[in-house]
Amino acid sequence: MKANPVLPDMATIMEVVEETSNIKTFRVRFDDENVMKNFTFEPGQVGQLSVFGIGESTFVINSSPTRMDYLQFSVMRVGEVTSRIHQLKAGDSVGVRAPLGNAFPTEEMKGQDVTFIGGGIGMAPLRTLLVYLLDNRDDYGKITLLYGARTPQDLSYQEDIAEWLGRDDIDVVLTVDNPDEEWGKNPHEKTGLIPNVLKEINPDNSGYAVTCGPPIMIKFTLMALNELGFKDDKIITTLEKRMKCGVGLCGRCNIGDKYVCVDGPVFKYSELQELPNEL
Amino acid sequence: MRIGVFICHCGSNIAATVDCPAVAEQAKGLQDVVFTTDTMYTCSEPGQNEIIEAIKEHKLDGVVVASCSPRMHEATFRRALERAGLNRYMLEMANIREHVSWIGKNKERNTVKAFELVSIAVAKLRNNNPLYANKFDVTKRVLVIGGGVAGIQAALDCADAGYQVVMVEREQSIGGKMAKIDKTFPTVDCSSCILGPKMVDVSQHENITLYALSEVEKIEGYVGNFDVQVRKKATYVNWDECTGCGACMEKCPSKKNIDKFNEGISKCTSINIPFPQAIPKKAAINPEGCLMLQKGKCGVCAKVCPTKCIDFEQKDEIITEKVGAVIAATGYDMFDHSVYKQYGAGQYPDVITSLQYERLMNASGPTGGHIIRPSDGKEPKKVVFVQCVGSRDPSVGRPYCSGFCCMYTAKQAILTKDHIPDSDSYVFYMDIRSPGKGYDEFTRRAQEQYGVQYLRGRVSMIYPKGDRYVVRGSDTLAGTQVEVEADLVVLAVGAESAKNAPALAEKMRISYDNYGFFMEAHPKLKPVETNTAGVYLAGSCVGPRDIPTSVGQGSAAAAKVMTLFSKDKLESDPQVSSVNTSRCIGCMKCATTCPFGAIKEVTDRAGNVKAEVIETVCQGCGICTVTCPQGAIQLQHFTDNQILAEVNALCQAQLDF
Amino acid sequence: MQALAELKEQIRQALPDLDVVIGWQQGYDALHTSPLFIRSEEDIDKLVVNEFCVVNPATYLREMRGGKKVGLVLKGCDSRSVIQLLQEKLLKEEDLTIFGFGCNGVLNHTKLQARFGDIGFITSLENDGTNVTVEAGDKKETVPFTELCADKCLTCSYPNTLQCSHFAGEESAKQADSATDKALEDFEKLTMEERFTFWQDQMRRCIRCYACRNACPMCVCKDHCLANSREPKWLSEDVDVQNNFMFQLIHVMHLTGRCVECGECERACPMDIPIMLLRRKMAGIVRDVFAYNAGTNAEETPPLMCFKVEEPTIEERH
Amino acid sequence: MSGSTGLLTEGQDLRIVGFLCNWCSYGGADTAGVARFEQPTDLRVIRVPCSGRIDPLFIARALLSGADGVLVSGCHPRDCHYAEGNFYARRRFEMLKQFLSVTGIDPERFHYTWVSASEGQRWQDVVTSFTERIRKLGPATKMAGGTGYDEECLKEIAAAVSLGDQCPCHKEKA
Amino acid sequence: MACKFISHEDTNQWLEALAKDHVVFIPVDDGGSVTFRPYGEGRKPVLDRMPVRSPKEAVFPQNETLLTYKYDKDPEDPERTSVRIKETLPKERAVVFGARPCGTRGMTVFDSVFVNDRIRDPYYATRRENTLYVTLACHEVESTCFCHEVGSGPADTAGSDVLLTPVQGGYTAEAVTERGEKMLEASFFADGGDKCAEAEAVKKATREMLGEAHDFSNAPEALLAVFDDDEFWDDQAAACLSCGACTYLCPTCYCFNITDESTGTTGKRLRSWDTCMSFQYTLEGSGHNPRTTKGKRLKNRVNHKFAYFPDTYDQHLACCGCGRCIKSCPASIDIRSIVKAAQARSAQKESK
């Protein structure tokens, strides 16, 4: 832990990618090359991005530790801080406090099949793990991605998806609620709610399932995964709460005596069931 | 955000007393400002191009122009931004000419002030958001309320331009006051001869739908999209079948009804067509006088009607019309002269109103154009006219001048001489007000050619003496009291707002003055527009008007409607209020204070009451924003945060670093 | 106590048709009562009515919007807030059942504390209506009621519950001890500078816990108060004199013509800041200018929600 | 005082904030400018659509954060561009005006009035007399910021505290 | 532990001496309520009442600037803006004089949370290291006192450096820490002698005044058992007004908010007390709120003190029994009775 856990490191935005109408991806590098060089993290960990004068907000680092040219954060515009972050351009200064929180159990998953089920902005934490697994491809079994959004235009990471579709060591299925005229021409383009499409794909239930997305989608996806026979301790999701300090002090992100910012954001379904009902 | 600041010299207008380059240099230090410059004339073609180029070159997303008043050139610079691909609302202006350089000579102080005005503008701009106008369709039909001469003119102009017109008339026939008048001043034309053809045109025009004996019940919606409900009152006659033959009137046994068209100086039958030239020429039953409707027995009219169009079961009908604009031409009413007890008004049979006198003189009136005393049918030899009855008299709550009484009194006096050559006429007046083409000449003619005696003074009382009346007044020119014996006294009654005008104004969401006359959007520059977009005014509903003015306004209102209808889509101004539903608690205080009825109550999916702004109705005043205690409803472009940013930029001390 | 027995009986009768009846119960010691939410028969016996029933039960009404049938046991002053809420159409009259009684005034804990060291040290208290006998530690003193009662009771014109559906016991014949507000009068004898310094000192003590706001029956914005918002952002998180005072001004302005002077804001303040001075001043201005007394007539319109074209009572400002 | 400008030297302009409605008073101020009616330079105008948009709390905020005076002007009653804005505003302003005295802020520091777009002369009079009035009152006493403790006292003690700037954890980041 | 004595007169002298190189927070009468303010001219300590505000603020002030920042423009090229940030660690050395044992005990909760194996909060740690607590044992009790029920007592030394006990003519002083021992080396202190026995008697008598202690030891299990009992919590919270009086005045409540407050190109990142009783506390950007009802919020507060904290830090309760939350609550809500009710409720459930 750093000497001052609430003091950010200065960083600069290298590039801004407009993913959808309300999601932008920011690629940042620390200003101090030593900090950049020594920076390590694990897939699933989060960071606090600050715009001085506006405040801090928590986002998952969705680049992979296997590719350290920059740290990548995807930001959906919902409130004051995120609106101001959206106004940032390449070259602007920000503060970054990272890494924070826990990570996906990448060791434990070795040798196993992994099914990713992502919805909307929930694709961000999946991306970091997915890229990590692909960069360590031999360590893992079959990889399947099911990614859904409301419309084809709401699907982020188009560049990545194009790349993944071109690979034969990952199965990619995309689904939307409201298709346009172009949608559905390719076999990987489905229409319908994620849990339903998931059941349709019927992935092998012996491996891991990693899911993230809006609360309502998570709820039904967990039900579907149960139905498909996935084990509770092999279903992994990430939680989001209002966070401030990110280091387990300020008190608001607790679920019972667990702090999402320290004990999370990655939780196994079996762990979630142990937590008091306070989502 | 990336802001560009442009400081205009305005030649020497600004630069003479403000150090423009220094302001530009200082502005570089303001947050988010990435480009500043000072230019000779920012509003000129090259000046605007400089802005456009800077936007592109420096990837600006907001611009501050420090120059003249935004009231002068805000639109200019907004267009420049749009040409460069920026949203027009990403502009802020600092007024360093009217508010700085032109009002102070101390260059140092002016420069400080100019810079601070720029800082406020930058502070606000940092809180600006792009705003986009909503587009919506226009229903190209117009509602004309009132079928007097102003309404008729407006309706005909619109109809001739190809637009559908819905005309609603409260009375049984259109024509209004002008239809009752005998002759017009100063040309002494036959009133119904010039109005009649226009009335016929209304009835025959394929683009005009006329609802007579009808009233506007409700108006909802907004410019381009009004929903109007019209109450068509029961006439007990099927007008689709009625030919206006008049057989029913001849046989109707109930003949004691007050004849409203003739201002009560005669009686009429319960089933009636008000006058021969009436449009529509259809009979209607006055239910109060009808024996069948009151007592259930009679039905003579039904028996004699050749087309069998009498229907005693008829009920009021509500008709809904969709229109895009409304012209209110509801005219005026005559002042109730019976307030003047000292004149015996309403008591003495031979003290009558000027409009009653018109009916007496009119060839199609109840006397066939013979002037007679209502009391005994004798021809009066001495007629006294009393002016300003219900005008310019604060004691009866009518301090205003009705404008046209001087002229019609002169006309009536002249016509009296024409009708009864051996008669004498006297006019008591306060001042003769006769501005207008040929008007003053006309009043002089009355005095000089027709020998009408003009006495300057108010009449204090009128009392009967034998079968004549004594009119006692003062002659302020002679400085004496005068008494004139008269056979007939005509009171030149003033105009007041139509009954129910305030109620109609509320329906149209327009304002009205203390007397019930509708308020124009601007008394000088927007005389036929109102503060409610899409609602226009014509004629005497705004205040007393003579015929040519009313006709002119009818055409003017029609022209406004045509301008509106020349567009297929309207754009709503996005500088309107907007509700943050997650903050709104549904107390609806905003709706209470909104002068335009632009806020409605809605229920969200969870069943909570929330306020919602009807963007097309909202005028952008911001009263609601101040009313809302939660700050949930914010006037776009003038939000709390934007104004607070300006206040803070001015007042807040900066933190030491 | 006759009124209490009657109240209980009236509540017992009405309870089957109500979701809840709000009153008072004995608190953690003899000097405190706590709000009581009667939902079942057995709760009724917990009801107490005494000089410590300070909380205004109407404060809880903001949580009960939306068709709940609510009964309220209210003092006269409390009932004004209900009338004001009805006037603003924030409540429906048919949802409310008000149980009234005659109030003889309530005691003020701050005044007790100022006199007897700490409220927690008081071991016994007897109130006969005119005098209060207090034992604290080794002290035993008898003090006139008027020196220990809430300020609002000194000028109270509404000792009996207004607009109530049920009234228990006898009407209170209590008269206002004074028509004018002495505390405010005294304060206004200070010079402008002294007043400024006074508020600086007071506002320095404020901890911005918002007890004043949350105890206010008229603060219906509930969780959406301007004070906690960044969009719009009127206040900074700095707990300093400027921001603390700004909050008070926000509260006062939002209560203009609405404040029923129940005094809950000041009573709730854990720092005992005399913020009622501000509210009473504003209520007085509203009375002077608009001849309007908030919470006395549900048919009126609050003065800032309407206007006159000619304002005879507002001097024209040139 | 305002750190927004380094150009302002002490003892010069006072901090007077103006809130003007766009249609009448802002126009009136423009008219005064067009007619070259000279005015004191202390006033800084914030333009709003209508006096009905001016929250009395803006005025309070300005006065609390250091304004020496606040001048508000709208259309004359009855002449509001939005028909009723100034009627509501008049009541709101009057309440604040009468209330201010209890806060210890001199009500004279706040003035509201009505100026039409044609009244350039009147605008000059209003600005001049209000500025003179504020000059007579002098700069307003500023509200303290701070930590809740007596600022002066803290400062003195802090000066005596030995740790000072040598504290190893007190470092600046570029 | 050595027992020394200081007379009332010397106490003032001592404070005077301490104030030379410390900020000395003393309880003073501040507009009618007792708060901690720096010792200075004309300020006399008020020691006969418990201060309204808790002694935590000397180490954990309501507002703490975490950093300041400044946007710098390149004077040659306004397009180039850089941000500088400055860490603003506190420097003052302080003494808190006259806090009660319950209030000072609260600091032990802070110590566990802010300085441990996992984390060290430098702002807190610096202040804590630079602050000495001279605590005053109680000789009177109030109806809201329940220190004895949470494992503490009227002469608890937890968190203190020096404990004073009121005796005839002055106080006995016991050093609790080494730092405290150093303090007692000051010339104002004499040997305690027979005053020490008197002090012990005072402590004993005060403890007796408190009476029998209720047993909260099974509170964590009991509270967990009623966790999903919404009816219970809504009922307990019915009178709650959702204000922050209880949490802001609580000696153990440490939750905070972090916000940026800007003025032009400079500004600061501020840490301020926050209250879990407010709706905004857990309100997420999306509008979702896991604790929409005050019942849920009250549950969190009570659980934090009586279940989560003892579980996480394997320690005593995070409640020091001072009773401030009870006394300052506008609705007179009593946290003791809530926990007791939860214990009863869970016992009832178990027996069913």
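Order of writing sets the labels: A, B, C, D and E. Residues in every chain begin at 1.
Keep this in mind: contacts are C-beta pairs under 8 Å (C-beta built on N, C-alpha and C of every residue); 3 or more make two chains touch, one makes a residue touch a chain.
As the structure is a prediction and not an experimental result, all values here were calculated from the model.
Asks: Among the chains, which has its CA centre at the largest distance from chain E's?
Replies: B
Asks: Is the C-beta contact count larger for B-D or for C-D?
Replies: If we tally the C-beta pairs in contact for B-D and C-D, the bigger total goes to B-D.
Asks: Just grab the chain with the largest centre-to-centre distance to chain D, centres being mean Cα coordinates.
Replies: Checked the centroid distances; the maximum from chain D is A.
Asks: How far is the middle of chain B from the middle of chain E, if each middle is the mean of its Cα atoms, in Å?
Replies: Their C-alpha centroids are separated by 70 Å.
Asks: Roughly how far is chain D from chain E, centre to centre by C-alpha average, rounded to an integer in Å?
Replies: The mean C-alpha positions of chain D and chain E differ by 41 Å.
Asks: As a quick test, compute the distance in whole Å between the mean CA positions of chain A and chain D.
Replies: Centres of chain A and chain D (C-alpha means) sit 49 Å apart.
Asks: Report, in whole Å, the distance between the mean C-alpha point of chain C and the mean C-alpha point of chain E.
Replies: Distance between chain centres, rounded to whole Å: 30 Å.
Asks: Scan chain E for residues touching two or more other chains and write them down.
Replies: 62-63, 69, 71, 81, 84-87, 122, 257, 259, 263-264, 267
Asks: Which residues belonging to chain D are in contact with no fewer than two other chains?
Replies: As it turns out, chain D has residues touching two or more other chains at 3-4, 56, 61, 65, 84, 88, 92, 147-150, 169, 173-174.
Asks: I need the residues of chain B touching at least two other chains; which ones are they?
Replies: If we look for residues of chain B contacting two or more partner chains, we find 2, 582, 593, 627, 640, 644, 648-649, 652-654.
Asks: Spell out the residues on chain B that touch chain E in their complex, using ranges where they run on.
Replies: 2, 28-31, 33-36, 58, 582, 648-649, 652-657
Asks: Across the complex, what residues on chain B touch chain D?
Replies: 26, 69-72, 95, 97-100, 102-106, 109-113, 115-117, 119-120, 511, 519, 531, 575, 593, 595-596, 619-623, 625-627, 635, 638, 640, 643-644, 646-654
Asks: Residue numbers of chain C touching chain B in their complex, please.
Replies: 66, 88-90, 220-222, 224-226, 229, 231-234, 254, 301, 304-305, 309
Asks: Touching residues of chain E toward chain A in the complex: what are they?
Replies: Residue positions touching the partner: 66-67, 69, 71, 81-83, 85, 87, 113-114, 118-123, 224, 227-228, 254-260, 262, 267, 269, 271, 274, 276, 281-286, 288, 290-291, 296, 300, 303-304, 307-309, 311-312.
Asks: Where on chain C is chain D touching in the complex?
Replies: Chain C residues touching chain D: 184, 187-188, 192-200, 204-205, 207, 234, 238-242, 245-246, 249-250, 252-253, 256, 277-278, 281-282, 285-286, 288-289, 303-304, 307-309, 311, 314, 317-318.
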